[in-house]
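For clarity, chains are labelled A, B and C in written order, and residue numbers in each chain start from 1.
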Amino acid sequence: MTSSIATDPNRLLPAETGTRTIARNLLALVEDLPIISPHGHVDAAMLADNTPFPDPATLLISPDHYVTRLLHANGVPLEQLRVGGTTEVSPREVWRHFCRAWKDFDGTASGYWLRSEFVNVFGLDDAKISEETADSTYDAIASRLADPDFRPRQVFSDFNIEVLATTDDPLDDLSAHALLAADDTFTGRVLPTFRPDAYIKFDAAGFAERVQKLIDSAGDGKSGYAGYIRAMENRRRYFVEHGAVSADHGSKTAQTLKLDEAAARELFDKGMSGSATVEEADAFEAHMMYEMARMSVVDGLVMTMHPGVFRNHHPGTFERFGGDSGHDIPFATTYTEALRPLLADFGTAEGFHFVPFTIDETVFSREIAPLAGFYPSVYIGAPWWFLDAPDAMLRFRSAVTETAGFSRSSGFIDDTRAFCSIPARHDASRRIEASFLARLVAERRITEDRAAEIIVDIVDAAPRRAFKL
Amino acid sequence: MTSSIATDPNRLLPAETGTRTIARNLLALVEDLPIISPHGHVDAAMLADNTPFPDPATLLISPDHYVTRLLHANGVPLEQLRVGGTTEVSPREVWRHFCRAWKDFDGTASGYWLRSEFVNVFGLDDAKISEETADSTYDAIASRLADPDFRPRQVFSDFNIEVLATTDDPLDDLSAHALLAADDTFTGRVLPTFRPDAYIKFDAAGFAERVQKLIDSAGDGKSGYAGYIRAMENRRRYFVEHGAVSADHGSKTAQTLKLDEAAARELFDKGMSGSATVEEADAFEAHMMYEMARMSVVDGLVMTMHPGVFRNHHPGTFERFGGDSGHDIPFATTYTEALRPLLADFGTAEGFHFVPFTIDETVFSREIAPLAGFYPSVYIGAPWWFLDAPDAMLRFRSAVTETAGFSRSSGFIDDTRAFCSIPARHDASRRIEASFLARLVAERRITEDRAAEIIVDIVDAAPRRAFKL
Amino acid sequence: MTSSIATDPNRLLPAETGTRTIARNLLALVEDLPIISPHGHVDAAMLADNTPFPDPATLLISPDHYVTRLLHANGVPLEQLRVGGTTEVSPREVWRHFCRAWKDFDGTASGYWLRSEFVNVFGLDDAKISEETADSTYDAIASRLADPDFRPRQVFSDFNIEVLATTDDPLDDLSAHALLAADDTFTGRVLPTFRPDAYIKFDAAGFAERVQKLIDSAGDGKSGYAGYIRAMENRRRYFVEHGAVSADHGSKTAQTLKLDEAAARELFDKGMSGSATVEEADAFEAHMMYEMARMSVVDGLVMTMHPGVFRNHHPGTFERFGGDSGHDIPFATTYTEALRPLLADFGTAEGFHFVPFTIDETVFSREIAPLAGFYPSVYIGAPWWFLDAPDAMLRFRSAVTETAGFSRSSGFIDDTRAFCSIPARHDASRRIEASFLARLVAERRITEDRAAEIIVDIVDAAPRRAFKL
């Protein structure tokens, strides 16, 4: 096992000897720093209840659409992977499918962190993951998962996580977060994140009922659009009181729009009655992005935005397996004109933080870096969808740094629901940051002393700064 | 000549010594494998008839618009290059023009394979290609071309070509292919490819007459749109019977559209009568892409698509020299929304293979890799227009691999009409694949053992898999 | 100071030893060549009058929006930087703000040349630039600026500038240029550039008055659109007579359009009366780009185009501080279809030179290189906005070279108003060209002999060729 690339001290570092040495030295400064994860999808209740982890397939494969999609592409039907709650096969059979296709993950981002997780968290020998050994690796992981020491809270501590943000429904009572905050035996910070997408997109399933419930429960007795806005404000405040530092928005595009109240109300009413066109739904979402920024200026929640993904591209798969089943496909997204209404009014507002993420690499150098290079509110979001992809991370740094330097970015975001993958992802990020900086040092663009300061800033101070931690 | 970069064993490989050694070892595994060329523009009749090659300029310069365009940009009028059938100057004078400008090709993709071809196929000393030696190099090539051993069939064999696909008109009788298939002395496979562009684009010269001929000859007596669709189906089947494995489409964009039969018929009738608008022509082409996919599901032809090129950008040049005269210019193309109608209905259809190519690099990571990372039907087309450009190939692999791995791509496509350049192009591709994999090994992202498996898969198995060979 | 990265002979060169050695050898061939700067924003009057330089902050910080924007992003209000003529604080206080934030420039393009300028022009020890030493570095620079030997003309000579183009209003009398041309003691060439943006964009402040003045003074007695066109022609000729070699256009997009005279006149009249829509203003600008090309064919001025920037993105900042205050943000720009009207009519016109610049990197390989790889008139503009950004320059060369080689580009453009930064920018460019070529040599793609010829051509011959110098 000493020869595994998952434990190789030079993994993900540059090949050129001199540069690699610099990278190793830089990495040493940050590899033991605590993990700060200001955006992700881990379930707070799992930590609050310290729920034992499920079987290996249910933990590692079935819910992770980045993993199941590539198996699907290579011929494994999703029902053979227990995707979307299907139960045609046993978890063990899911694992066998995965092992059979394991080699297809070589070179992928998922492959990097899966390998690291298998070796470093579950103690597997990655050279021996194969169809032949599927049952024995399944048993080995299952045995580890059954270990009473391998429970969420202990793992949280073992992973050296200091801050973990979850993603939550606006009407969530946040009791799990409250329980954790009140528990002196749990020292990490688990913070809720306000995520109102399903209350903003007219085409979200059950939109009208959900919104009515929001208004009824938090609208201070107001009705319609006025009650809706009030309820949003109230629930955001509730989140702030429960430790939230940010509100996240998976908007269709980056478009923002300032409507007067009458126009907004008219769209809202159409949305509630199910009579809005696609254009009207888009306009309302753009308006609400503006409103969310306005609220952020007041209540201080950092505003993050994740636009540009065509959700549920394949209708047949969506019908059978539901959302998050592997066919969310990015499309071209632009920010310069789209964000102008929001930034014109709030771009220089005191204390406002706005973090645009993108899955369209073309905007890194063209739009995102110049925006963050001027507006005090704009922090460059980590390269969404390429977060743990080494080459993509390097392209990201190369694209944004020459315009905006190192001080304007969000820090690493793992954005994961795969709890046990968190250390692998942050490790990959730190190695790539070290690699990028080492190249700049080796090419005599920055000094080694400054690189040392910068890597600590990127890993530790940047997320605290951007997310007000 | 031993110092020529065209014969240097390290050509196109990384400079860093450790990485280069790994690349050399990987290359050794594939450099002698047979050539599989599933898409290109060589003329089957040339092989069937074993026609002697023409003079050097007519073989190497005049018909290759990637070569003539750069000469034109640097001031050589196209009539001085015998482009488009012009005959103002002698072939020897064309060659002199080329030699005068030879240095301008340094660093270009065309320059790489031309140099390789000159040295490795024609035995020139590339250090001595210049205006001064133009006549002697012309004579040297001409002498080689006059050699009775240097005929298409012998060259085909010397090049170690196993499969060569041509590109053919739907009404071609494929007699050349039949002759080759029936000839026991010819052991290669020369496969036709169904290319119906000129029968789909309303603005193709002679569209209505051509389509009427198609209907009359293969429409089973039906007329109009019904006859048209039937004739397409019949001619595709004819191609399948003559060994075709794919149908290729040079569509304007990647747009697909499902029209009902009445709407399609209405557009078709307008196209036939010459009264369709540009929008209607585009809609019909988009609909026919959908239809072609439907037919592929039935008859098994792999569907390839080459969208996104503004053909014949300069009207004056087009009028005088016709198409393929060097001014086809790419434009921004998107796939995620455009392909949805097609993929919604056929993306998971049993046995359907769809290979989108692109000349818009921005979609590699944003759209193509995610689509191929989910849909079993989608194979990532090799980087069209950058097929033999080393840096562009490396950008391609870097962009798609972290999402889709190595298992979802088409393998190398040479797409060439320059028969004698085929080995140089495949050699360049193999060297770049070795370079990319060697870097991943050197950076400890994949193991050297897996890299060895992967490069053999990429070079040999991938094209067989994607193109059902 | 010997350890400063600003004086390190290996600065900006590749880390790999073999490649670095090649780069050093290539660099040696060009590092002492004179500076040719065919496009920039230095004030000719400063040279004509040999005006002493102002204080350090007024020279180096306040007017440079690439510098002030990053300070602003990190929390320094623009009025603390004396931007836009504000005078709330002293120049010394501006310098203190800058020193406090100096570390934020590490890794940025501005940081590279500022460091070089501080060390190599002003003799600072860059390791000691900090908040603590702000007053002493301010005094050191001020002392250097007060040196009677440090005047614009002497600096011009010390910098080894051979050609410097300025950017000028069409009604400028060019007396400063005339004075310099007539002065035998001044041996450099300072050339005016015709820049008519403010006379073409209907929304430019004071458009109608300015245009009327143009017509009155140069319209040969004609009025309206006819007088306008005549005046443009006349003023261009005046510029030619005063040494101008190019006309520059900061158009909104790359769109061009050929209108008949009646249609153009109608738009012009609406623009003059303030009644034009945004679409009409855009159409008129597109038409005028076509007209400018037509005039270039006649009078020989090289046409350069800088489209694709959303000017003055933040309204509040624009109102208070005016234009060029750091919030010009690029957006997606396309060229293939947009330039077609212009290139269809003038793309192969004898002697016409057209240099498109872009801030949208996606068009380097997709559109710009293919256009320049065919049209004799099209020269690939240096990577605008990334002109002195090492990684971006390398991406640029990688993107365009494999299609268009090295013969079709404009050569380096510094585009700067920061006179004292000129040597640092050209030095960075030469180092990056050497780095790129060295990699091609090390990877055995081109020979070292050819690389030596190419780098001299790029640095010296290319700008002379593209700009007819």
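The rule we apply is simple: contacts are C-beta pairs under 8 Å (C-beta built on N, C-alpha and C of every residue); 3 or more make two chains touch, one makes a residue touch a chain.
Quantities reported herein were computed from a predicted structural model and do not represent experimental measurements.
Asks: Since chain A and chain B share one sequence, what rotation angle in degrees maps the C-alpha trace of one onto the other, as a multiple of 5?
Replies: Nearest-5 rotation angle for the superposition: 120 degrees.
Asks: For the copies chain B and chain C, give the interface type as same if over half of its residue numbers appear on both sides, and as different if under half do.
Replies: Counting shared over all numbers used gives less than one half: different.
Asks: Can you give the whole-Å distance between the Cα centres of chain B and chain C?
Replies: Taking the mean C-alpha position of each chain, the two centres sit 40 Å apart.
Asks: Please output the residue numbers of chain A that touch at least 2 other chains, ranges allowed.
Replies: 16, 332, 362
Asks: Tell me, which parts of chain A touch chain C in their complex?
Replies: So the residues of chain A touching chain C come out as 16, 18-19, 332, 334, 336-337, 340, 343-344, 347-348, 362, 365-367, 370-376, 378, 398-399, 401-408, 439-440, 442-447, 450, 453-454.
Asks: Within their complex, state which residues of chain A touch chain B.
Replies: Against chain B, the touching part of chain A is residues 5, 8, 10-17, 69-70, 72-75, 103-109, 111-112, 127, 310, 313-317, 326-332, 359-362, 385-386, 389-392, 395.
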